[in-house]
Each structure stands twice: as structure tokens, then as C-alpha cells.
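Pasting the structures here.
Two complexes are shown next, each including chain A; its partner changes from chain B in the first to chain C in the second.
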Partner chain A sequence: MYKYNKLWVYLFIVPTLIVFLTFYFVPILTVFTTGFTEWNGFNAPKFVGFDNYKMIFTDDNSITVSLMNLLKWSLIATFIHVPFGALVAFIIFKQPFGWRFVRGVFMIPNVIAVSAWAIIYRFIFNDQMGLLNNFIRKIGFSDFHTNWFFDSQYAFSAISLTWVFYAVIVTLLVLSDLMAIPKELHEAAKIDGATEAQIHWRINFPLIRGSLGTSVILSVIARITMFEAIFLTTKGGPGNSTYNISVMLYDGIINYEFGYANAVATIMIILGIGVLAITTKVFKMNKSVYN
Partner chain B sequence: MKADLLKRGLVWLFSYLVLIFTVCISLVPLLWITVSSFKSNKAILNTPFALPTEINFRAYASVLQMNNFLSNTFNSVLISISSTLIALLFYALAAYSFAKFDFIGKRTLFILFSVTLLIPGHATAQPIFSFINLTGLYDTRLALIIVYISAGLAVSLFILRASFLSIPRELDEAAYMESASFWQVFFHINLPLAKAGLATAGILMFLGNWNEFFYGFMLTASAENRTLPVALQFFTEQFSYNYTQLFAALTLVTLPSIILYMLAQEQVQQSVVSGGVKG
Partner chain C sequence: MRKISLLIIALILAVSLAACGSNGNNGNSNSGTATNDGSSENSNSGSANADSGKEVVIKFPSYKTGNNVGAIFFLPQIERFNTKYAGKYKIEIEEIVQDEYSKKIKLLYQQKKLPPLIEVDKELAEIMIDNGDLLDLKPYIDKTPEIKNVLIDESVTYNTDKNGKYVSLPLAFVRPIGMYYNKELLQKAGITELSTTWDGFFSDLDKLKAAGVTPLSLMTGENAWTTMLLATAMLASEQEGQDILTKGDIVTNFDSPLWTNTFTKVQKLLQEYTTKSALGATYSIAANEFFSENTAIIANGPWMVGDFSNPDKAGEGFAAKVGATIYPGGVALGSSDGYWYSIPKDTPQEQVDGLIEYFKFIYSPEELNAFLVAEGGFAPKLPMPDADKAKLDPILRQLNDEVGAKMKTLNRAIYNVVPQSVSDLFAKNLPLLATNDMTPEQFCKAMTETAEKFKK
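And then the complex of A and B:
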């Protein structure tokens, strides 16, 4: 071996280890333990068992609304957002005229601040000046008036529309899986007389299930952590109809109900791990694609 | 044969409709706010689809002269750049050790670091909020810098470790033979060769920090300490009915991200893929 002090190897890990301990390890332990305490940040935490969880599930309907919204948004993510992103990937994969341009442009909403995007959408859905309502009025429904974000009938859909079709991450993930499929597979299938549809169903879909699974995980977890798109548009309203678990956590923190907030955060972490476990199983992501 | 042609035509038509839709939803909102920032308030309200009658930058000038806009911009630049650079250094050091050496606890540590990817972003918000309060850093730029350093841990580590793994060990060995020190081998041989990985991880972290809202909102109080994405929220109240200025501000805030993206399209797209593939 060549001479270097083995200490260096450990020294190089230290900064990252400190970041990990300060911002992940200790916080996660704090979240798990103080979820069982009553704690406002000023006094010492007082152990109260499952009281916070009881409170969350019985005090009001916030958690029920949040979980229902999460369920609906997760279904929208899985059955509209991910398939749309994959559809764009399949089209771009054929490299039609302008595909580079489309791929490049599709990324733009993803690189700008989510807060800016939420505020822009607040104006797009504005009744008087907004693009959407004016467009609807222009194509013939001249009496159409709706305040999307402030009407309980439409607020949920309006928030969904701020993200549902912006699926560029799905597109890029699926595209990189599609490009990894050996060309010989397609050629062999064609020689054997397979139709286009058969190639898609029998070859492409099974081979891209990894990226589809990753896409579902990423987009459902993004629904769990979705904050700006709600906080900067409806603030969870009207009433609490567009409330979600991230806004619930935020409200707990700024009201200095730390025990309660961390019980919510624990639920959040468990949901995240649940999504990961279920999706990995459904998409058989732990099994190798090529063998 | 004819049916086949018709079918192919329909597929072609459908494909292009999807692509046009994709381009529209991505560009129209941004074009709309940019075009509107050159229109009068009245024109924005009454003729939302019309083009501006004259091009002047008055709205932009007044946004730039606004009390805190420049200090908000300065904060965003300072915080995003410094946290990205420090994080790059930290994670490059760790990634180098993970890629090139064996040591006790290597596997355990790597698994622990990787698991941080599974924690939904805001779940640790209360402990971080309290930590920042406890250290007296609440409402300072430093608070955001150190919180943002932690943000890209797992993904950056993956990207950088892969870069260092691809650098041949023979280079290191040759340098050691010529009695180069551990640090020299890292800094003068490995780091320059890991440029692509550093760029990918750096751009990913920079964009994340530049656009971050949640912690920026929670950890600052005074107007002059806000970053741009946070300040935007207050502009909407401040300008309440002056849409021209608000749209100019929105354009100014979103423009740098778009320019950076256009300059480094390949890396940004690459970083999304490597960020999504979590091993």
C-alpha cells in the first residue's frame, strides 16, 4: 500500500457526518419521541402517550380531510400525472420533429420556484383577469364566472391543475429507461411479426417498470410534501377543503404545538415509507429487469 | 394498406397534439406574465390576451427601486451560492472516501446517509426550526445557508461517488509513488476529473436552494432577510392591485432559473435522472 495516514479517510467523512447528525438523525429521533409528548418548545416535553394521535384523529376533521385529499391526489398522480409523463416520453422516444425543443421546454416549469409558479397560477385562475376564465368566455361561454381557488367546488381541481400535467421528471426517467432497451430486442420482435402494440405491451412496459415505479414514488411523496401550491393559493380553504398534511404540520409548528406537530410529522414519515414499500412491491422494483 | 395509413396518420396527429399541449402549458403562463408586465394595469384587467401597445421598462425600474428587492436578490444569490459550494465540498470529501477506500463502518454509514432520501422533506421541520432558534440564528442568512447545505446530502453523495468511482485508481497510485499527499491526490488529481459530477450535483443543489420556499418562509421574519421566492409572497400583498409591477417582479424572479437552465440544459436533465434513480 502507499503511504497515507488512514485518519484522512475518516476526516473526509466528518463534515457530512455532522450534517447528517444535526439535520437528519437527531431531528428524526426528536420527531419520533416528542410526538408522544406535550411540548411548546419553552417547557420541557411532558410524556402523554398517544394523546397527540388521539387528538389528531378525534379533535376535528383536519386529518380526515388531509388524508382524503392525499388519497385523491395520489390517485391523480398515479393514474394521470405518471401516465401523461410516460406518454410524452413514448412520443419523444420516436424523435419526431422538434422533440428536443419539447423536452427542453417541458422542463422549464420544473426549474423555476414553486412559489412563483403557485402565484402565477393564482392569476391564471383569477376570474376577472385570468387566462383560463377569459379563454372559457372567449370560446362561447360568455357568462362563465368562477373564483377557482375560493369556491369549494373547484378549489381542489384548481390546485390539482397546478401540477398534474407538469410531469417532466416522469418523462425523463421513462425516456432514459426506454433508451436503455437494446435495439436488437425491438428488431427481433419485428422479425417475429410483432405489431407495434405488442412491442409496447410485451417489451417496453415490462422493461420500464423501474422508472414507472420510481415516478409513482416520487410523485406521491411530492403530494405528501406539497406545500406552496396550497399555502400560496387557498391556504387550505375554503374551510379546510384543500388542507393537507404538510400545511397541518406547518400550522402545528407556528402555533408552538410541537408535540402535536411531530405526531403529524411521524404520520408523514410512515406514509412515505408505506408508499415506497407498496410501490416497490407492485412494480417488482427489487427484481432485476434484464436477466 | 389504406387503413394502416389512416391509423398512422391519427397516431401522428395525436402525438403532435400532445406535444403542442405540453409546450403550451409550459410556456404560456410565463409568456403571459412577461407580456403583461409591459401592459398597463387597465389593459391587464380588460384585454388579457392583447399585446402591449408600447415596450417600456418602467415597471421593472420601480420593482428594482423597491425597498428590499435588491437585498432580497442579494440574499438569494449569497445563500444559494455559498450553501451550494460548501455542500459540494463536504459531499465531495465524503464521496471520495466512500468511493476509494475501505474503512470500518463504511457500509452502515452509507446506508444511513442513503436513507435520508426516504424522509419526506418537511417532516423534520420542527427540530430544525427549534435548532435555528436555539442557536440564535433565527432571521439570519446564515440559518438558511446551513439548512440548505443539508438539503442535497444523499443525491449529491450518489452522483459524486459515481464520479470518483469512474476515475482510475492507477492515477492515484502513480501520484502516491511520487510522494503526493492524501490531500494533493484528492484535490489536484481527483477533484478536477470529477468536474462533470460536481457540475451536475452543484446545479441540482443550486436550483433547489434558489427556489426553496418552506424553510425560507419559516426561518426569516424581517423583509430585508427574505430570499426572492419568499419575498414574492409579500409582494403580492404589497402591490395588491398593481399587477404590472407584480408581473415584472415575477418575471425577474423566474428569469435567472430559466437562464441557468438554458445554459446547462444537459446537466439539469441529467441531474433529474440521477436524482430520481435512488439506487
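And then the complex of A and C:
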């Protein structure tokens, strides 16, 4: 009977395994192996060892700038984006007046394509006809002129603003964890005289650490792969103000350096794995919260 | 039990890998034979069609469709071809936006599924030429005096590879790129005609500014087209710059006084003589500033002229206010060098024959002149009859007259002599130049570094 069950288990795994191998494992393997080749996408790849990696790390400061920008965006994601999403979750959890409306409205940006958002933001931040500048000029600063995406002083912040407050995924993850906390725990704490703050700090936060960790992983990985919001607004400029590793990969492709681009992609994968490992450790995600 | 489990997993892995492998092989062989099969199918059907006197259908994508300004002349011309060759050849156009065209051709080339007629950029053309994937048009052109006699010699040279093959259809016409100005705004500043020297030109810009008119429509967004044209014109006014542009080799070193001086002037233009919207402006914003009479001058090609009288873009009577000229120093931009229509190597013979007929058709005196009347330019080996000249838009006529009277040199644009990565960087760094966050020296250094990075 046991053997019979195991066979079924394997049979059910087969489709997933095939999908994984076909659509993930094989492409990742291709990316990894062609990262060691010179390949223009048309002719057969030629093995060049670590030349592409040497080019990435020694030719110019693209990788340094990309990693610095990634670090800054990761910090913004971890310390502003995720906490903001969690805060909204806590507010909705209390079910104040209009919480359903807020939850619905908060969801809207997520159903709009990132590329569409990027274009909307291009108009919002436009100097002449942009919503933001017109508002600033309307409230009395009639000579105000700043082209947010094309001024090196503001471009990074402008790009950050295109995503930092759209944290509905974080909200939903945290909210589902909050709702899963047994009511008895909160009631017992109240009977014991715990304050609201103590309940949050001692009960809620430890019990939602899994969803917070997941949110950090998702948010930081989204920063590693962030492309449309940058490409459709600043293209990584002005100068290198908003340059990142995804734009670096794109630069490799348009210059017919597919080997270089895939070496960059390999670095992105490694960064993603690193984020996963570190966050899992920090948030103790491999340990059950109720132990 | 553990062994059985391992065996099953190994089996699943082997089966799925084999499946992937076989799919890949099938995919490859399919894509390989898809072209061959497709070719042979096409070829067979083509032969059968030719044998049975049936119409040969030639289908290819083009960006000169939809809202593209080129569609106005191109699509009716295709119709005229189809009418003339009805029953023998029929061209069908697949609509594609201009920005996507090169990417699509690149993708189709990777899949070995190229259409019978393509336009390739320089970088892809070089790869295809090296791989011998473009059909040699020389034997066909040599046999067709209607085409051969109108071709510009420089264009023939450019389109001839090291083995003497014609890799794309050489040009029979040149469309010089100059500047358009608003006569009323110039008058306001007391200017009747733009100066023919750069010092004089900058003095004209000062006069316009003093009269409260923003002189130039510049842009730093997209490919910074209008700004790049002025930069090219300034570069071409120096002998060294002209030599670089004439030679046409890809430039990878910009650390020289020539380039630094050019970008010092560009910086001045961006800082003193343009709209605030220029920072990050796309072409449509720059053009709109000119159409709205917020600026007095814009640099662009003759294809823009149609827009001056387009009620969707400019006000009524706007075209009458517009004048055209070339750049100071007798510089016009544009070149007969460059790749145009190419035919992939494995295209079925019937389609090749049809396309040669198409080339013959578009280079016929009636069609070529109709094209020049519609989109501007001139064909050095086919003087335009007076009847056609009379049909020319007054702005295009003025541009042609200015070219005839003032042009000393016709030059390639900077984007034709720099790698794609540098073109991208140019637009990306212009805002820094405008806001003084980058010096012209740093601007040139950054271009050199980028060019060196992807240097083959």
C-alpha cells in the first residue's frame, strides 16, 4: 500500500518536474554556460572562459554603479516599502471604517502593467505638463521647473517613487498571516494586561516574521530585475544615476554581446540566491513560528 | 525502496531531458527545415505558380505603415506596383512599428525565418555579410539598366562587400537634412535669413533670445535626434570632423579637441538657447514646441515637411510661416551611404525576380520623381522634370534651392559612425551636459569608455 502511494506521488510530481526542467532549469543552464562564451546570438558560441566576467568587473564602473543603486533600492525596499505595506495590513486588520475600500484601492496599481505605470509617471514627473510640477506651480511657486527623471539630483528618487508605495503584495501577505493568528492569543494577552503595543511587539511581529521575510525577498528580487520602470523613463540615466543590473544586461543584448549579457544574468541569479539565503537566515524562515 | 525511488527520479529526468532534447532537435530541424521547407514550399509553389502563370505573392514586414510618415507614399506605391503587375506579382505588407522593426528582423534571422525583403542596420548587416546570408544583387542589377543607370556611385561602393557582391540595393537619391525656421519669429528678432557661419548663427540665436523668442527645439530624450543633428553639423564644419564623417568608420575614441569643442557648443545650445522642456524631451515634444511657435528653429529631415500642413499637428497656415535651409558652413546632412533593401540568400527565385521588378519599378523615372516630390531630396543621375518641380511643396523647393546654392558638404550623421552603445549613451548623458553635472571632456571620456567596452 505504501509503495503504491509513493508511485502516485512520483506520478503527480512528473508534470511539475517537466515544466520546471523545460522552462526554468534548461534556460538557466543555458544562461550559465553561455556566460562563458562569446556569442552574438547568430553564430555558434565560442568558449572564452571568464572573459565576460573580467569585462564586467574591470572594464568600467557599470557593475559598481549598478550594485550601489541596487543596494540603495534594496534598503528602500526593506525599510520603507515592506514596512509601509505591513502598516497598511495592520490598519486593515483592525477593520476601521472603509477598510474594504482602502484594500480595493490599494490593489489597483498591481493590476496595471509596470510599463503603463512607467509611462504614467513620465507624465506625472514631466516639467511642462506634469501633474506634480503644475501642482507645485499652482500653490505659489510659479517659477518652479524640475524635470525629475532627467535631473541627476532627482532621477533616483523619481524612479524610487514609481514603486515604493505600491506594496499591496506585502499587505496581502502580512494580512493573511495576521488573520491566521489564533484570537485566543490576543485575548489571553489582553487578560494578562498587555497593551496594544506589547501585543504587536510580542505576539504579532514574531508570528508574521515569515510573511515579512517573504515580502523582503520578493521586494528585493523585484529590485534586481527592475527594468521597465527604468528603461521607459530614464534608460538608466542621466549619466548612471538610475543604472541597474537589468539595464546592464539589456546593454549587452543590444550590442550583440549575448555571452556578456548572460554573464550579467548569472550574476543576477547569484544575487537572487544570496538575498534568499540571507533573508531566510535573518527572519528565521526555516523555523516554524508557532514552536 | 530508496533505490527504486532514485531509479524513478533518474528515469523521469532522462525522459524529460530526452523530451527536451528531441524537442530542441525537432525545433531546430523544424526551424532549419521550416525555412527550407518553407523555401521549398514557397519555391515549389512559386515554380508552380510561375509555370502555371499564377501570381507570385511576396510578403514582407514594413514600418512604413499605419501612422508612420513614410506610409503616405509607400503604401500607395505598393498598390501601384500590384496593379501594374497584377496576375504576375503581388506584394503584401505586414504592418510593424518602426521601433520594433530591427528587433523583429534580428529575431527572424536567429530563427532562420527571414522574409524575402529586409532592411538591416549596420551592425546586423555586417554579421549577415560575414555569414554570407545576403543575396548578391549585382548580377540582377547589371542586367537591369533601368536600375543600374540611376544608382549613386558612392552608394554602390558602400553596398559592395569585399567579394564584389551587392549586399543591398544602392540608393539612387539623397535626402539632405537641414533646418526649418519660423519666418515670423525670425522677423521679430530682425532676422531675414539665418547666417551661413557658425559665429553668425550663434549671434542670430542671441538676437532671437533678446526678442523673447526661444531659438531652438532641442531634445535629450529618445535618441536626442534634433540635438544630434546640430552636433553633427558643427562637427562637419571642421575639416577633421568632415573627414571622420566621410570615411564612415566606426569611431571609438572621442578624446580629442574636435569632439570636446563640438560638445562644448552643444552644451551652450542646451543651456542657453532651448526650451526648459528639452531636458528629457522626446521628438514629439521638440516638434510640438516648433509647431506651437514656441521655438524658432528645428533641425530635421525633409520627411517632416508634410507635418507642417497637417492640421492634427500644426495650426492652420503654419506651413506658410516655415522656411528651410541647410546648416552654417554649407553643411547638409544625409548620405547615399547605408544599407537599404536586402534579399536573404535562400529566398525563392520567383520572389527574387518579383523583387527585382519591384526595384525596377521604384527606380523608374515616374516613381522616383513622385517619391522625391512627396518626401524631398534629389536623384543626382535623374534630374527632376520641370513639371514635377512645379509640384514640389514650397518648403521642399526652398530646401532644394538652398542645397543647390549653399551646400559645400553632405555628411553622414554622428549616429552612422558610432556604435549603438554610444548613441544610447549620447542621449543618456546630454541632460548632465545641460545641467552642468558633466563637462564636455567627461562627456567625451564616457563615450570613449562605452565604445571601447563593446569594441569587437
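What we mean here is this: the second predicted complex is superposed on the first by the 268 of 291 C-alpha atoms of A that agree within 3 Å, B and C clash if a C-alpha of one lies under 4 Å from a C-alpha of the other, contacts with A are read in each partner's own complex, and residues count from 1 in each chain.
Criterion: a contact is a pair of C-beta atoms (placed from the backbone, for glycine too) under 8 Å apart; a residue touches a chain by one contact, two chains touch by 3 or more.
This one's a predicted model, so the numbers in the text were calculated from it and none came from an experiment.
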Request  = Please indicate which partner A:Met55 is in contact with in the superposed arrangement: first for chain B, second for chain C, both, or neither.
outcome  = second
Message = Tell me the contact category for A:Pro27 with respect to chain B and chain C: first, second, both or neither.
response = first
Message = On the A-aligned overlay, A:Val282 touches which partner chain: chain B = first, chain C = second, or both, or neither?
response = neither
Message = One more residue to check, A:Leu71. First (chain B), second (chain C), both or neither?
response = neither
Ask   = Regarding the shared-chain residue A:Gln128, is it in contact with chain B (first), chain C (second), both, or neither?
value = both
Query = Which of the two partners, first being chain B and second being chain C, lies in contact with A:Phe106: first, second, both, or neither?
reply = first
Task = Check the residue A:Lys235 against both partner chains and state whether it touches chain B (first), chain C (second), both, or neither.
result = second
Inquiry  = Contacts for A:Met179 in the overlay, against chain B (first) and chain C (second): which applies, first, second, both or neither?
reply    = neither
Task = See if chain A has more residues touched by chain B or by chain C, and give me that chain.
result = B
Request  = Would you check which partner chain A:Ile91 touches, where first means chain B only, second means chain C only, and both and neither mean what they say?
outcome  = first
Ask   = Which parts of chain A are in contact with chain B and also with chain C?
value = 3, 6, 10, 13, 17, 22, 26, 41, 128, 254
Inquiry  = Show me the residue ranges of chain C that touch chain A in the complex, using the header's touch definition.
reply    = 1, 4-5, 8-9, 12-13, 16-17, 19-20, 23, 106, 109-110, 123, 127, 131, 220-221, 276-277, 279-280, 285, 419-421, 424, 427-432, 435, 437-438, 446, 449-450, 452-454
Task = Please give the residue numbers of chain B that touch chain A in the complex, ascending.
result = 12, 15-16, 18-19, 21-23, 25-30, 32-33, 44-45, 48-49, 89-91, 93-94, 96-98, 101, 103, 109, 112-113, 116, 118-131, 133, 147, 149-150, 153, 157, 173, 176-177, 181-183, 185-186, 207, 210-214, 218, 228-230, 232-233, 236, 243, 250, 253-254, 257-258, 260-261, 265, 268-269, 272-273, 276-278
Inquiry  = With touch defined as at the start, can you tell me which chain A residues reach chain C in the complex?
reply    = 3, 6-7, 10, 13-14, 17-18, 21-22, 26, 40-43, 55, 59-60, 126-128, 145, 147, 149-152, 234-239, 251, 254-257
Key: chain A residues within the chain B interface of the complex   = 2-6, 8-10, 12-13, 15-17, 19-20, 22-28, 30-31, 34, 41, 87-88, 91-92, 94, 96, 98-99, 101-117, 119-124, 128-131, 134, 138, 165-166, 168-169, 172-173, 176, 211, 214-215, 218, 221, 224-225, 227-228, 232, 246, 249-250, 252-254, 258, 261-262, 265-266, 268-269, 271-273, 276
